[in-house]
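So, here's a batch of structures to check.
What follows is a pair of complexes built around chain A, which joins chain B in one and chain C in the other.
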Partner chain A sequence: MNKTYFVLIFILFALGLGALFLPETQHNKERSPRELFLAMNNPSRFVTTDQVAKKIIEADPTLFLIDTRPFDQYESYSLPGAVNIPLEKLLDTNGLIFSEWMDYLDIEGVNAVFFSNSDITADQVWVICSRQGIDNLYVMKGGLNYWVETILKPEKPVQSAPSEDFALYDFRKGASQFFGAGTISIEAEVISEPVPRMRKKKKTVASGGC
Partner chain B sequence: MFHANNSKRLTITAIAFVLIIIVGLITMHKPEHIYKLNPADLVESIMMKDGELTPGKAVYYAEESNPDFVFIDIRNQYEFIKGHIPNAINIPLTELLSKATLKQFDKYSEDSVTIVIYGNSQTDANAPWMILKQLAYPDVKILLGGFDYYSKDHAETGDTAGMPEYYVEIPKYDYAAIAAETSSGDVTGQDVKAEPVLPVRKKKKTVASGGC
Partner chain C sequence: MGPLITQGIINPEWNFVIALVIGIAFGYILEASGFSSSRKIAGVFYGYDFTVLRVFMTAVVVAMVGLVYFNYMGWIDLSLIFILPTFMKSVIVGGVLMGFGFVLGGYCPGTSFTGIVIGKLDALFFTGGLLIGVFIFSSIFPWIEAIYYGGEMGAVTVTEALGISRGLFTFLFVIASLLAFIFTSLIQSKQKKTDL
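And then the complex of A and B:
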């Protein structure tokens, strides 16, 4: 045997060992900081409360609402059909999104909209999920606080406001009724209150006859 | 003769082999920016709220021009000219990841100067702040309330007890109660889903029934 064979074998072996210790390549879908930065600068990642309200009312199947607040807040009130993924429970110990959340987030053709009380927590979840390469993620601008101010309790525009404002107000007023009635289970009872029946007055016995 | 020739060839192959690998390693694609913070640590740091700077403190640091803090204004230059925190440096958002900016930031972290980033609102600065945190600057802070709050309450931004307005993630309303209220209060009479009430009619008495 020639010595050079051994040299070659040694080199290949050393390289193989080296490859073992290479830093583990993460989830290959991960966005680079530059890509994340570009996605972040795209203003269309924010949606308005009106857009969300309209989609809920239309029962748009591409809309998927995600409540990023803690569970107790989600329990007391949330938007209809929303799923709860709190920020603190988003990631597993390896720093990856829990696979059960991934089933919700990474669906073709579905737009996931994050919301929280304002839009900070929702935006934080957005950044973390976007870094992991998930597309079609949105943030509801202003969050639930703004939802109350615009949808549940819309403010009447001043008399001199342009007609678009009034149209928007009309829409919000209708939406307010929709969400007020739809989101709370007690309401079902209110609707099914016994309907008062109108009774005709009994005719007095004396009425007919001589 | 044959043997010697063969070994020479082998040596050449070996050298070529090593050379190719070296060239490959040198020209390996180097990413422009690298994440230094993994997402789990990022979430933990957010939950700890250690990256937040209250407006009250910001006023204090800015006015005494504390050398340990540098305010970075990520709004565009027109907004910056109209008004900004004293001694703030304007780095428009589009320039945030440029080489010059990051070099500057590296210098700040070397000198252990705390970078405080702000936009018009906290929302504007939130994602940029998170990106910087994930790159090599885990100690970057964000100004709560943004410049809007800072300029509005500039005179009396003391950190009061209770919950100041700039903690935007605190629910301002009792949502459930409002939803109940809007449904029962406003709606009645207009949009009740109940079907129209049909009065039950009594059967007409036959004409013959009463009478003589």
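And then the complex of A and C:
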């Protein structure tokens, strides 16, 4: 064999051996502090419980719910179709998001919605994930507490409330049945107050005059 | 043309121009490597010429090692590279058919065109057969669709499927190809020289 071949074989072997010891490179897609600050001050990341409920009912394929609470809480109750990514298990020892989570979080065309009991934990997860350059992330405003308050046990608006509130209440009542919050008896609206009757005015005989 | 067009760095109209330039370069290298000779290509199956194996293995190893180092240096992000999805059934069936065609005809599609360019008659016949094959395949496609899309594994790489690190796989592949180079050289040195 030609001498050049030996040199080439040696170079290739050395490079191959080097590849064996190369550390796994994590490509830095992190957002700059300025970008993150602006994103954090932008409330558009928050979605309401009503929006989430509507999307679940419509089986919106772009919705991806992520429960950020610990596993035991997730197991006892969570939203339908939600995946559990607890805050304390989000990062690996290098301070980066576990690659198995990244497969869930970084899906094109899918909007991931984080939720926790309130919206604090979910928001923390949102900040960590946004910092690592993941887009299309949202937080359910008020968390599960607000979910119970608004969707599962909606409160009837006061009589003087605008009609939009009543429409919203109707939606919430329907949603609460959809999510199986017991059977809510639909009470017939019994009007207890006596209906004021209009009495015919007695024709009065013109008195006097001409 | 990779990220240059999708990122808007160059105009999409340049696609064909770039394709033409790369095509000419590819054809030139194939011809220069001796891939326009069907006897040279078929030699790898009969054990008298291993140029095909060496050229392809060199290309794979250089690209593999290069990409691993480029990824390490941060010049390229391997996680963003497009990976063709794997269809296991069609890969096996297609691979066997392609192998038969390779041994019988002495060309693969690309090299047959290189053969035509330098005026090889067998390459011309081979390309005729290739076009007939394309026609037959298109005609019977509805019947073989299940095989064509069978065994889908998604965009999976060998390292993911085996659960080993990229560096280890690169090292093993380099060793395997170096052994293949040395082994085939030894076989070839024992053959009597034939003029191809």
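By our rule, the second predicted complex is superposed on the first by the 153 of 210 C-alpha atoms of A that agree within 3 Å, B and C clash if a C-alpha of one lies under 4 Å from a C-alpha of the other, contacts with A are read in each partner's own complex, and residues count from 1 in each chain.
The rule is simple: a residue touches a chain if its C-beta (ideal position, glycine included) is under 8 Å from a C-beta of that chain, and two chains touch if they have at least 3 such contacts.
Keep in mind that this is a model prediction, so the values were computed, not measured.
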Worksheet item: So, A:Leu22: does it touch chain B (first), chain C (second), both, or neither?
Response: second
Worksheet item: A:Val158 contacts which: chain B (first), chain C (second), both, neither?
Response: neither
Discussion item. If we overlay the two complexes on their shared chain A, which of chain B and chain C does A:Val148 touch? Say first, second, both or neither.
Written reply: first
Worksheet item: Touch check for A:Arg34: first (chain B), second (chain C), both, or neither?
Response: first
Discussion item. Quick check on the superposed pair: does A:Ala59 touch chain B, chain C, both, or neither? Answer first, second, both or neither.
Written reply: neither
Practice prompt. See if chain A has more residues touched by chain B or by chain C, and give me that chain.
Written response: B
Fill in: Footprint overlap on chain A, comparing chain B with chain C
5, 15
Fill in: Contact set on chain C toward chain A in their complex
61, 65, 68-69, 71-72, 74, 77, 79, 165-168, 170-171, 173-175, 177-178, 181-182, 185
Worksheet, complete the sentence: Seen from chain B, its contact residues with chain A in the complex are 6-7, 10-11, 13-14, 17-18, 21, 31-35, 38-43, 46-47, 93-94, 96-97, 122-123, 126-128, 130-131, 134-135, 168-173, 175-176, 178-184, 186-187, 190-194, 197, 199-202, 205, 209-212
Discussion item. Help me check something: in the complex, which residues belonging to chain A touch chain B?
Written reply: 2, 4-5, 7-8, 11, 15, 32-34, 36-37, 40-41, 73, 76-77, 87-88, 90-91, 93-96, 116-121, 123-124, 126-128, 131-132, 141, 143-145, 148, 152-153, 176-177, 179-181, 183-184, 186-187, 190-193, 195-200, 207-210
Worksheet, complete the sentence: In the complex, chain A touches chain C at residues 1, 5, 9, 12-13, 15-25, 27
